[in-house]
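Each chain carries a letter (A, B, C, D, E and F) given by its place in the written order, and its residues are counted from 1.
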Amino acid sequence: MLKGPFLSKDFIGSLNSFAEAKTVLIGMPFDGTTTNRPGTRFAPQAIRLESIGIETYSPIFDKDLEDCRFYDAGDLDLPFGNAQRVLNIIKENAVQIYSAGKKILGVGGEHLVTLAEIEAIKEFYSNIVVIQFDAHTDLRDEYLGEKLTHSGVMKQIANLIGFENIAQIGIRSGEKEEFELMKTYSTLKHRYEELDNFRDKNIFITIDLDVLDPGIMSGVGTPEAGGMSYNELLGWLKYLSMDFNIIGMDVVELAPDIDTTKNSTAAACKIIRECLMML
Amino acid sequence: MLKGPFLSKDFIGSLNSFAEAKTVLIGMPFDGTTTNRPGTRFAPQAIRLESIGIETYSPIFDKDLEDCRFYDAGDLDLPFGNAQRVLNIIKENAVQIYSAGKKILGVGGEHLVTLAEIEAIKEFYSNIVVIQFDAHTDLRDEYLGEKLTHSGVMKQIANLIGFENIAQIGIRSGEKEEFELMKTYSTLKHRYEELDNFRDKNIFITIDLDVLDPGIMSGVGTPEAGGMSYNELLGWLKYLSMDFNIIGMDVVELAPDIDTTKNSTAAACKIIRECLMML
Amino acid sequence: MLKGPFLSKDFIGSLNSFAEAKTVLIGMPFDGTTTNRPGTRFAPQAIRLESIGIETYSPIFDKDLEDCRFYDAGDLDLPFGNAQRVLNIIKENAVQIYSAGKKILGVGGEHLVTLAEIEAIKEFYSNIVVIQFDAHTDLRDEYLGEKLTHSGVMKQIANLIGFENIAQIGIRSGEKEEFELMKTYSTLKHRYEELDNFRDKNIFITIDLDVLDPGIMSGVGTPEAGGMSYNELLGWLKYLSMDFNIIGMDVVELAPDIDTTKNSTAAACKIIRECLMML
Amino acid sequence: MLKGPFLSKDFIGSLNSFAEAKTVLIGMPFDGTTTNRPGTRFAPQAIRLESIGIETYSPIFDKDLEDCRFYDAGDLDLPFGNAQRVLNIIKENAVQIYSAGKKILGVGGEHLVTLAEIEAIKEFYSNIVVIQFDAHTDLRDEYLGEKLTHSGVMKQIANLIGFENIAQIGIRSGEKEEFELMKTYSTLKHRYEELDNFRDKNIFITIDLDVLDPGIMSGVGTPEAGGMSYNELLGWLKYLSMDFNIIGMDVVELAPDIDTTKNSTAAACKIIRECLMML
Amino acid sequence: MLKGPFLSKDFIGSLNSFAEAKTVLIGMPFDGTTTNRPGTRFAPQAIRLESIGIETYSPIFDKDLEDCRFYDAGDLDLPFGNAQRVLNIIKENAVQIYSAGKKILGVGGEHLVTLAEIEAIKEFYSNIVVIQFDAHTDLRDEYLGEKLTHSGVMKQIANLIGFENIAQIGIRSGEKEEFELMKTYSTLKHRYEELDNFRDKNIFITIDLDVLDPGIMSGVGTPEAGGMSYNELLGWLKYLSMDFNIIGMDVVELAPDIDTTKNSTAAACKIIRECLMML
Amino acid sequence: MLKGPFLSKDFIGSLNSFAEAKTVLIGMPFDGTTTNRPGTRFAPQAIRLESIGIETYSPIFDKDLEDCRFYDAGDLDLPFGNAQRVLNIIKENAVQIYSAGKKILGVGGEHLVTLAEIEAIKEFYSNIVVIQFDAHTDLRDEYLGEKLTHSGVMKQIANLIGFENIAQIGIRSGEKEEFELMKTYSTLKHRYEELDNFRDKNIFITIDLDVLDPGIMSGVGTPEAGGMSYNELLGWLKYLSMDFNIIGMDVVELAPDIDTTKNSTAAACKIIRECLMML
């Protein structure tokens, strides 16, 4: 072999070995049901590449990635145009991660991938709660006749774990029927304390990056003006890092090529860094 | 004819008939007096195209576009390099809209087009007040010798309806003389309540999109740092939707190609959706 | 109604009526099986919009679009993530066009849409030959397990009409097996005269815009360096306009947002103009 | 003053003094009659800035800019929305250049500016011939009612100097009537030798950069596929540099911001360098 | 000479003479030690060009650039790949500015250039305090073995003037060791009043534009989500304009080509305008 | 470990082991002496990422990457602002490659990196000839006082191996003195046959991608209009693949972010694929 030194091809701070890791970062480059601008398929690799530009130290958690013991497994090779097969492959790998006693940090791809993660986790945990950061309700029953879509993923998940185990934060767009569903089940949360009754649950956090304002996260397929600031999102994450039992996370819906400044990708990297510190 | 189904070529939610509408959306693709970066001529078509990506339901107004009964008349075919002729054509069409007992929702193009709308409305209403959301005073008497310019449009309108019937919100750029005019006539407003004495007036609202911060509305020709957030603008609109008599609106100065993410255009679509709900 | 004048929302030169047309332009905004950069779903509307910038007169054909009697039917509303349903909808509409004694000018979307057009035409014509302009063989039997893909569309068409009725021009990329198929059936053509034995056939011409060099057609998902010049393509089309019986055409694979200069879209408009003159 | 060294703010190789120059480079940042994408107003400054990146030595002319004795006078400050006043200002300055016994190298801005240059030159020279490199005929009598437009500039010039003194090279787009005019007066030239009967004339060369193929000159407002290569253009210029009496030149219609790679601007710089060597 | 009128090639409002100026704006186009995305070398010229689009009047300071008596000296011609020589040239010119009894307004280029300015000022002033607006600590002792880098510039300056004379505002990224240094010396300031004990000092203000949120300042090489708003930065500057003795300023780290909307450059222009009003 | 399937993080077709390879691809992300637009530091990773989109089969060589037995070693971690240290690291690794009996396929970064490769190779081979594809002579003795620069790299190499062992193809820009050097030593070649007297030599081929026309390779820092077509370059490579003894190659000067279409990067991938087939 060569002496180098060589730059890593992995997300910054990754271990070289699956075995030693407690968290597994896995890329899911799928955007087959995206309704508006596609391109989230390119997110995991763009994030991996850009991660070289961020610090491994987080001032907010006063911690370094080197202390996080995570392993970047790479990106799954997923078929085009067959959502069910994609979900099967993701689920199968997620099951392996939890079988090995580790946690997942999923990197999308579109939001539908979360469904497969939850299906896998359900084989290992009960009392699952999903906390969703998102601009959109994602509660459609179907879209143009399809059940498996990025705009209906939370509906599918609610079918699995119950609406009472869904918390939605940052939602500002959807159909009238979806907003009514949110009201019926009081899933929409505005203050930290509204999450406190989930403290004895097993929590999966899914971050659709379009929860952030398009001004700071312009690289998404369905931007919605009027979103959360980066520091607001971090406030929520910081709160959730204290005395909540987090069993997995994902960060989805970055479409990196839309934002040619790469600032969206850089922000995603930092969010993933903070997530790794929470797991 | 073909069975389809076909996508609409109109702004999302438009009726197919002028006759049934109570509001008429009309595009005015003119940027002939733009001083810095041109390109607002492309806004109405870009907005129409992008509108397919937004929801027809507004959570803020808890209302759907289907309930708004508006008709998208398309874009006027306007001559280049002759501002007066452009204004004549716009005025003529606006007169037809008000003759038919309807209201206008104008989509620019540059801000000068508002002058023609007000001239038309003046033939139908008295006690007109213009509420201007803008980064710039637009109170120049002339620019390089020309009276009809996008940076002097409010001066021309003030000449028509009086400075006391002008309210300006969000202004943060202009010449010293223009700021002195604002002070003399107290046109600059900072709080909702300052508008309350216009409740018995006939109000036209003109939204120059550069009133928003360039961070969230980067697709404008003369960006001014330090602007309003999207939610602040919506706060104003929501307030104005309650017990003010709004007789027309326009949304101007989007230069869509400057913002290649298309987020500026998407935000403009949502603002127009909210405007349609106010009319 | 309003007096206007208004700009058309259709492709430049379109008639207002389906009935009077001899050619029907129809948009097929589908990119569900695209393997590399998606985005062809935005092509038909981008082309329609940009067409306002080209002349209606073609110096090469010395003819004006006004003489072509075509109707722009608009864009089909196609479901996401279900290629078979998409093909069904396209076929159904294409059948209606040919039932009415007209010809199709299809505008993609990705190349898979051509399969549905040929299936429709087969109900009306025998002795069909498909002449394909393309950088890629599109002869894969399957891609990641799927038969219906943009990289296998010509294989599917060959299954319908026979390899001896396929002519391929401009191909420069594919798998070894695909190039061997081309050799076996001598489908690859280099000179005009090689097409002469198709003069008594019913010819459908499908133009994958990536046949052009990426230098002049950068807005495609799978660019292949070393392609044809615009004038070379026009040379082929001019030759085919003389004494060949052309029964339909399509222009596919433009991904307009990749080329922010819009020059790719402008070139596509001109190619479509020339196609309309051939039909 | 400071010691520096400082970079020049002028086009590379410019003298510091008007008096010593034999050629005067002057920017004309006007795009008021542009029909499609505006932005040529930004060309002269973009070119000046980019010129720092090119060599002062031309291998084709085997000559250095230092030997050319030209002065970069800067950009005229031109009013918006009043084409006639713009032309007056340009003409006035051009007259001053020729009064001082120098030649002009005009940098547009849109093509209309050439009219003012020719009007000025006519006060000093007879037997003027204009050789136009362009994709468009520019022979419209009017456009939307206006005579003074970038698409009719050659018609106006023909009115001044006669159609027999117009040579057009690279034309590939226009209306039917315009192409008929070209045929009537045989203005379109294809081979070098067709210019030889202008050897005893006073020649002004106007280069509309869209004569080049959009693949290599994507930063123009009305791109026309199928254009000239850079080396073909240089071939013509090289030929014209031998035994033709060139009394002025201009380079127009670059819209620099359309081509974010800046390659269009860089190519324009090199063309201007070669022009300076011809004067 | 020509009559014109001509646009200035300088930053808007510049005097024509060094002698009459009290402040000297000087460009330092150097980015040789940039760690992530380079391109700040293009900032001073981009800013100069864009400045034509802003007003000379500042509503915040109620003052006009015409009253500021500054001179735009242009951009230094700096060698590539030799940081020490670059610093020497900058220092030499800065010394000349202060020798002439004037103040500097430096425009970067990367942040390392500030070191040379402070070295020069130290020859004229004692009791120097540097107030740094920045996203990054810039306190690295070395980076890949180099001491002279943009990520260690404040460490070098602290070595010159002492950590107690450093105030850092807006910092949100760095290594663990750097954050510990900040804690040890309490350099990080959060409220205006924390600066009050510097009122009897000679203050140099250095503004690394990445202190702003990437949403409004996307044109920087190392964007850090979660930054200051434009109005927050202006609040600090306004406070510092009152009864602090400011002896110099610089504005660094704009990488203009990253933000193709040019909004970052426009914001930088306005910040420089406000700085000129403070000096 | 996980079952996957996973996408490779290497250049498409790479072996997993250094030991089995006969060719080693190594990235050299350095752009410290770039004179115009920097950014080549991002090329190797962008190329690696994009390579997933090309075919492994080359129709020109009728061969598949799977038959090439190469190993992608990754990117060297190179210090900023110290060209000599960068060259040392590269040389050291190149020496290891040749010690192991393998050949190098270097991927820049800027052109200066070639110097280190040649220095390494000189320890293993005599009779070395360097064939340079480039727009620029790269024969400067120094640039702003520095000897080690990307515009002087061939001068440095000529000092090592003699001008008579340099062949230059595609050169079209440089200073007068550089062109005179080319003439003196007849290094500039125009026809294949001019290379034939190098058949008994050990040949290193260095491809500066700006040898290609900017129309098809817009992602370079110093674009020069009038370059080679992709097929012309391939013609040269095909000729060199026949009976020349090629001992190493590199592909340099791609600045991927300049070309947001990514077509430049895609073309670079294909050129590297063809290079791997030649080694």
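The rule is simple: a residue touches a chain if its C-beta (ideal position, glycine included) is under 8 Å from a C-beta of that chain, and two chains touch if they have at least 3 such contacts.
Predicted, not measured: the structure shown is a model, and the values here were computed from it.
Asker: Check every other chain and keep only those touching both subunit B and subunit D; list them.
Answerer: Intersection of subunit B and subunit D contact lists gives C, E.
Asker: What pair in D-E, A-F or A-C shares over half of its contact pairs, by residue number, with B-D?
Answerer: When the contact pairs of B-D are compared with those in D-E, A-F or A-C, A-C matches.
Asker: List the interface residue numbers of subunit A and of subunit B, divide the shared ones by all numbers used, and answer same when the ratio is over half, different when under half.
Answerer: Under half shared, hence different.
Asker: Return the chain whose centre of C-alpha atoms lies at maximal distance from the corresponding centre of subunit C.
Answerer: So the chain farthest away from subunit C turns out to be E.
Asker: Taking the mean of the CA coordinates per chain, how far is subunit C from subunit F in Å?
Answerer: 38
Asker: Nearest whole angstrom, what separates the Cα centre of subunit C from the Cα centre of subunit E?
Answerer: Here subunit C and subunit E have centroids separated by 55 Å.
Asker: Provide the list of subunit D residues touching at least two other chains, using ranges where the numbers run on.
Answerer: Within subunit D, residues 35, 37, 77, 213, 215-216, 257, 260 contact more than one other chain.
Asker: Dump the list of chain pairs that touch, please.
Answerer: In this structure, the chains touch in these pairs: A-B, A-C, A-E, A-F, B-C, B-D, B-E, C-D, C-F, D-E, D-F, E-F.
Asker: Could you please specify the touching residues of subunit B with respect to subunit C in the complex?
Answerer: Result: residues 1-7, 9-10, 18, 24, 26, 29, 45, 48-49, 73-77, 89, 92-93, 96-97, 257, 260 of subunit B touch subunit C.
Asker: Quick one: which bits of subunit A touch subunit E in the complex? Just the residue numbers, please.
Answerer: Subunit A residues touching subunit E: 53-55, 57, 59, 62, 64, 213, 215-216, 229-231, 234, 260-263, 266-267, 270.
Asker: Considering only the defined contacts, which subunit A positions touch subunit B in the complex?
Answerer: Going through subunit A, the ones touching subunit B are 35-37, 172-176, 179, 213-216, 218-219, 222-226, 258-260.
Asker: Which residues of subunit C touch subunit A in their complex?
Answerer: Within the complex, subunit C contacts subunit A at residues 31-35, 37-39, 41, 79-83, 85, 143-146, 148-149, 257.
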